[in-house]
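One structure is given below, encoded as structure tokens.
Going by the order they are written in, the chains are A, B, C and D; count residues from 1 in each one.
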Amino acid sequence: MSLNPVISVLGRKLRLAVIGGGPGSFIGAMHRLAAQLDNRYELVAAALSSDPEKCLKAGLELGLPADRVYASGLALIAAEQAHPHGADVVAIMTPNDSHFELATAALQHGFDVICDKPMTNTLEEAERLCATVRETGKVFCLTHNYTGYPMARQAKEMVAAGMLGELRLIQVEYVQGFNAREVPAQPGSWRHDPVKGGPSLVMGDIGTHAHNLLRFITGLEVEEVAAEVGSIVPGRVVHDYAGAMLRLSRGVRGSFWVTQAASGVENSLAIRVSGSKGTLEWNQEVPQILKFKPLDGPAEERTPNGPEVLPLAARSSRIVRGHPEGFPEAFANLYSDAAEAIAARRTGTQVNPLALHFPNAEDGLAGVRFVAAVIASSSAQGAWTRVG
Amino acid sequence: MSLNPVISVLGRKLRLAVIGGGPGSFIGAMHRLAAQLDNRYELVAAALSSDPEKCLKAGLELGLPADRVYASGLALIAAEQAHPHGADVVAIMTPNDSHFELATAALQHGFDVICDKPMTNTLEEAERLCATVRETGKVFCLTHNYTGYPMARQAKEMVAAGMLGELRLIQVEYVQGFNAREVPAQPGSWRHDPVKGGPSLVMGDIGTHAHNLLRFITGLEVEEVAAEVGSIVPGRVVHDYAGAMLRLSRGVRGSFWVTQAASGVENSLAIRVSGSKGTLEWNQEVPQILKFKPLDGPAEERTPNGPEVLPLAARSSRIVRGHPEGFPEAFANLYSDAAEAIAARRTGTQVNPLALHFPNAEDGLAGVRFVAAVIASSSAQGAWTRVG
Amino acid sequence: MSLNPVISVLGRKLRLAVIGGGPGSFIGAMHRLAAQLDNRYELVAAALSSDPEKCLKAGLELGLPADRVYASGLALIAAEQAHPHGADVVAIMTPNDSHFELATAALQHGFDVICDKPMTNTLEEAERLCATVRETGKVFCLTHNYTGYPMARQAKEMVAAGMLGELRLIQVEYVQGFNAREVPAQPGSWRHDPVKGGPSLVMGDIGTHAHNLLRFITGLEVEEVAAEVGSIVPGRVVHDYAGAMLRLSRGVRGSFWVTQAASGVENSLAIRVSGSKGTLEWNQEVPQILKFKPLDGPAEERTPNGPEVLPLAARSSRIVRGHPEGFPEAFANLYSDAAEAIAARRTGTQVNPLALHFPNAEDGLAGVRFVAAVIASSSAQGAWTRVG
Amino acid sequence: MSLNPVISVLGRKLRLAVIGGGPGSFIGAMHRLAAQLDNRYELVAAALSSDPEKCLKAGLELGLPADRVYASGLALIAAEQAHPHGADVVAIMTPNDSHFELATAALQHGFDVICDKPMTNTLEEAERLCATVRETGKVFCLTHNYTGYPMARQAKEMVAAGMLGELRLIQVEYVQGFNAREVPAQPGSWRHDPVKGGPSLVMGDIGTHAHNLLRFITGLEVEEVAAEVGSIVPGRVVHDYAGAMLRLSRGVRGSFWVTQAASGVENSLAIRVSGSKGTLEWNQEVPQILKFKPLDGPAEERTPNGPEVLPLAARSSRIVRGHPEGFPEAFANLYSDAAEAIAARRTGTQVNPLALHFPNAEDGLAGVRFVAAVIASSSAQGAWTRVG
């Protein structure tokens, strides 16, 4: 195998432009790190902040020339399209309400797009963006980054291989203490502005991750929800918890619980999937361990590159077993898989099918639909509500 | 402190008669073990089985004289009342539908009673039994044994001491694989007969444990539920899963999930309680560890007889720290606490208030009300339903 | 299977007399609890303390009649032998330097004996006691209680079944914080008096446990040691740590480390056994989990009564899987196994061979030899020294 | 803080040349990934393999121009020195026996050096290389990468801050199953050739890591060892296990155990450090958790960027708490710290003192001395042997 499949196919690294993620943005730093971790992208342009001074300073710190640092995302898109060595790919990590406009513009100007989640704030935007992706034929990668962990991918493959038998019951939670204080963790952040952050802070921030992870691992769709979403921290106007009962495809039943108000809890995105032959358990806080509890044998701990690793998980680890990879590598797996897809699209070559498991616009649409259904059910006093 | 507070107060051990729990009954063996573990009861009589031959054989194997082995619970109650050295206490571990009749008879014949959960199958019976307990003034201990674990008790005390601040969010699950096969784990068992086992197998078997543990630790009541209860294993007629959203007293919100159909999972009764100052996490599978995650400090692992142990937890451990006690000791804590209460009642002496935290008839009534509300909500398509 | 194999064979419970273990003794309370947990012994006599007043008070608290409470162990032995319903078994939990005299006297007066570890303080005593056991033909059980844990027994059986292949490497540690303070945990205790406590506090208290566990699980003997034993806490005269390299039978190599001076550590008796086909790991602090890491498959967690449980482990658990048993049950397993051996001996019946895995006088002698070799090697500047 | 302190100081990224680490080399891929993860180095030249064809192919795959791909390390050093935009830094990841020659040449040609461990195969070489580093004044970073983990660094800082009180006892192990099979994991590898791999495979590969980690966290030196080193897998000529008792500075005592022959074990580099006030425990397999067991309070779990994080640990994490980083980020921490030191040296500016905790040539010399002492003690039948 090539040391760098993108260079091997394209003859060079992909040129990346980023919009958003300026100083102080945790997720912006992570996007850039993820892009360069496997050496498949070269950062060539950026619009890092809506404040021009901060924007330029940050761009220079990142080693960009001043003329590739732009005052806005739309300016970047226009200029990079015209540039002789302009970006191939635009990565968007701006407030949620701008994803639709920027992603649409980038696609229509010929860029492949990597976009932070949630895809959009409204269902209508999600449907239109999905259509634009289909029409333009570009690659669209939505950074539900937890699906990049090797053991989340191993779980998906074990389910698909029938090792759990018929699926029956699913529990998923995403519990954090990030917003447990009465003073928000990020005062003044767009996250606490429902116009920018979307209809439900907790659902947009982490609820869509939990929902996507469930779909990714199980291959099932959530069909109906009975839900409650609300604010538990005194004085808060945006949502900080959501609970739901789930009815999934193939008669599977489930439980869903997300909150950012659980004081002291770090980042417990956890899933348990039970089928007729066994149960899988995984928690993002110790992502290197996937518990498999067969109906008829001892409980197992599966590990990255450990025995009986399956192909998608195997290609998602960089190191021999026992050397933990983490959140950055999981994030980078999405970027690097997308890079293979983009390089193949741009060269008209075949892509390794294992590279195509990154979340896409259809996944993003499913997430927005799920958020809408949870809110609708909660407004209807928990009535069972169809998703989509 | 006395080596045996019951002997010190009463001059002898309490005389115990058991009804139910014959050969093959896991819970019967556990009741007897729990009774004798701290040397506070002497087994003097038994009605172990409805089959007279098995009953006598088992009684003799337990070292009872043949004339104290009875063919039925009611026969035992009548004869032991008349016996010059008759039992003081009757412990009931028969199928659920007989708890009401036997416990009522035992109380009315002057016995203190220890009774397996769920207290009764119907709400009416639960209310009448509660009234009988109040009228007779006898001790009634319901064996929600998980509340006997030292770290469950430490959790209760930490909440009561305000270490979590204002409570906000609760998750409780009880997940087993006990009934994951299409052929039931105990074919022919009364558990799979709705008349004997009650309206909901999973709720009676483990749902009431989860509900009771939540109430025990938090001191809150579940006020409303939006629930679904059903059968996920093909061909099953009794319930094997139940999910609910919870609205608790003081505005607290919660999530509830129980099943016996999660293949390969052992016995995950787990609770997470979050307040404004921190979160507690406990799982029965590793009961010696209570995780405390303060808002403002490093996460802690509290252990039995470890640093900063609180009084009720301290008296619930028999050994210096680092020597794990388990399920039998937790079960025995209920028996031994009840023994102190019974010895005090019978001698008109003061009881140590710390002995009075065993579940009682009011707790049993709360459990039956919760089961009823879950079923009612599920029948009403998940509508929010008041408990009690 | 009978509910009580001792009653089934002998027609009654065994009559037990205890010497030592008065108020304040953790291990005395544990011996009595272990004896009664499975209902195979009835406590009939005791010499609980060398202080006559405390002795009587404690005996009465335990429910004994005053005339079966004795002022000394030797008085108990003489009187119980003469008593028409005298004890069958004498359990010894006195300071280490008295084990030899009391155990010898008890055996010679016709009692079966259960004795705390270390068996004796000197090698000569150990050899003579071993000879007395052989000559009298009585049952002698040494309470290396950690061998009673179901998963320690499962480990032994997995090794014996060849599941690890050829053994190669062993690590054993016993690390506590019990004596980490400059002021001893038990000031004035006989443990800190080398005459009563023996030549090495840490080796007698816990080093022999670690050594015995290693032998129990692997079936190997330690043949040579290169060791250092000493005191690390300032001002201490008795040993509080010992380290050794081990050469075992069949060319196996090992590492040994014990201390009671590791501040804050609870009770980490841990062993790792590696062979050509896999590795086992077990730690007493979470005794319900045995990790098995095969050379060619995913790591497993074996649990009591879980899948693929082996016969000795299976008979050592009282409850269905997922309901943790602990230190008291492990201790009780030795008592109950010994009870079966004693009942068989006294009735001339066959004993279940699975009952015969409790540590005996030969194991005690091996332990005393190991202590002597560790001390000798340390005195010889760590020179490799033969054991025994 | 700048988004990239190297660019801020130097105006550009550092130019990196790598020697060794061609296709199939796990550690080579890791070096390159670590260099680019924080965007502080640009790979400009390489001598990846002694096979010219493989070397060129790999260089091109990495995106290098053909004229910066060299047939040997010495050729690279000479040509890059002469190149107008030649490398600033040479990273060496060749077989152990070549480290000395290449590192010496690179230093003498004006490069800063990053070198894989062990530093050299012989003590004489180590001393000479140390002298060359001192004389040239260049930065020399030895990739004992485990010291880059945030929680290993937090441990170091907690010890230095006196949170453990006076140190007393240390256990360190490095246990793998990498070489458990009779057929080596890497047949034909230089690792199994004592001339190239050095006098002791297990000590060079992982023993020096364990030794370095111990020194890094505790600040103590190992002064004397009593050791055994050997081969346990049949037919093996190189060492696959080593055990030692340790006497450290300030009277501290310790235990050391390393092996690559523990079937099924992944990569258990674990350390326990006990002092008068508490104990720390850390294991590389779950590097995001540092256990702190104080003498007088509940056990704690410290986590990256969690509460009470100390400065060196804080700067070693890239993400908010709860998002695990792993082995690549730990490795990158050494590269990025060294980059700050190199940029400061080259610009004559002040370096952040927190950047200076990467292992250096003195640490490398200490490691080679330790290996020599272990081998000498083992040859002398375990006699206590001075280190250095």
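Observations on the model:
Methods note: contacts are C-beta pairs under 8 Å (C-beta built on N, C-alpha and C of every residue); 3 or more make two chains touch, one makes a residue touch a chain.
These numbers come from a predicted model, not from an experiment.
Note on connectivity: the fewest steps through touching chains from chain A to chain C is 1.
The geometric centre of chain A is 43 Å away from that of chain B, both derived from CA atoms. For the pair chain B and chain D, the distance between C-alpha centroids works out to 55 Å.
Centre to centre, using the average C-alpha position, chain B and chain C are separated by 34 Å. Of all residues in chain A, those touching 2 or more other chains are 292, 294, 299, 303, 306, listed in ascending order. Contacts between chains leave no pair untouched here, as each chain touches all the others.
In the complex of the two chains, the chain A residues touching chain D come out as 2-4, 7-8, 12-13, 23, 26, 29-30, 32-33, 36-39, 58, 60-63, 176, 178, 266-268, 284-288, 303, 306, 318-329. In the complex of the two chains, the chain D residues touching chain C come out as 164-165, 168-169, 171, 173, 175, 177, 180-182, 226-228, 230, 232-233, 241, 243-245, 251-255, 257, 259, 261-265, 272, 274-279, 292-295, 299, 381-384.
Those residues of chain C lying in contact with chain A across their complex are 292, 294, 296-303, 306-308.
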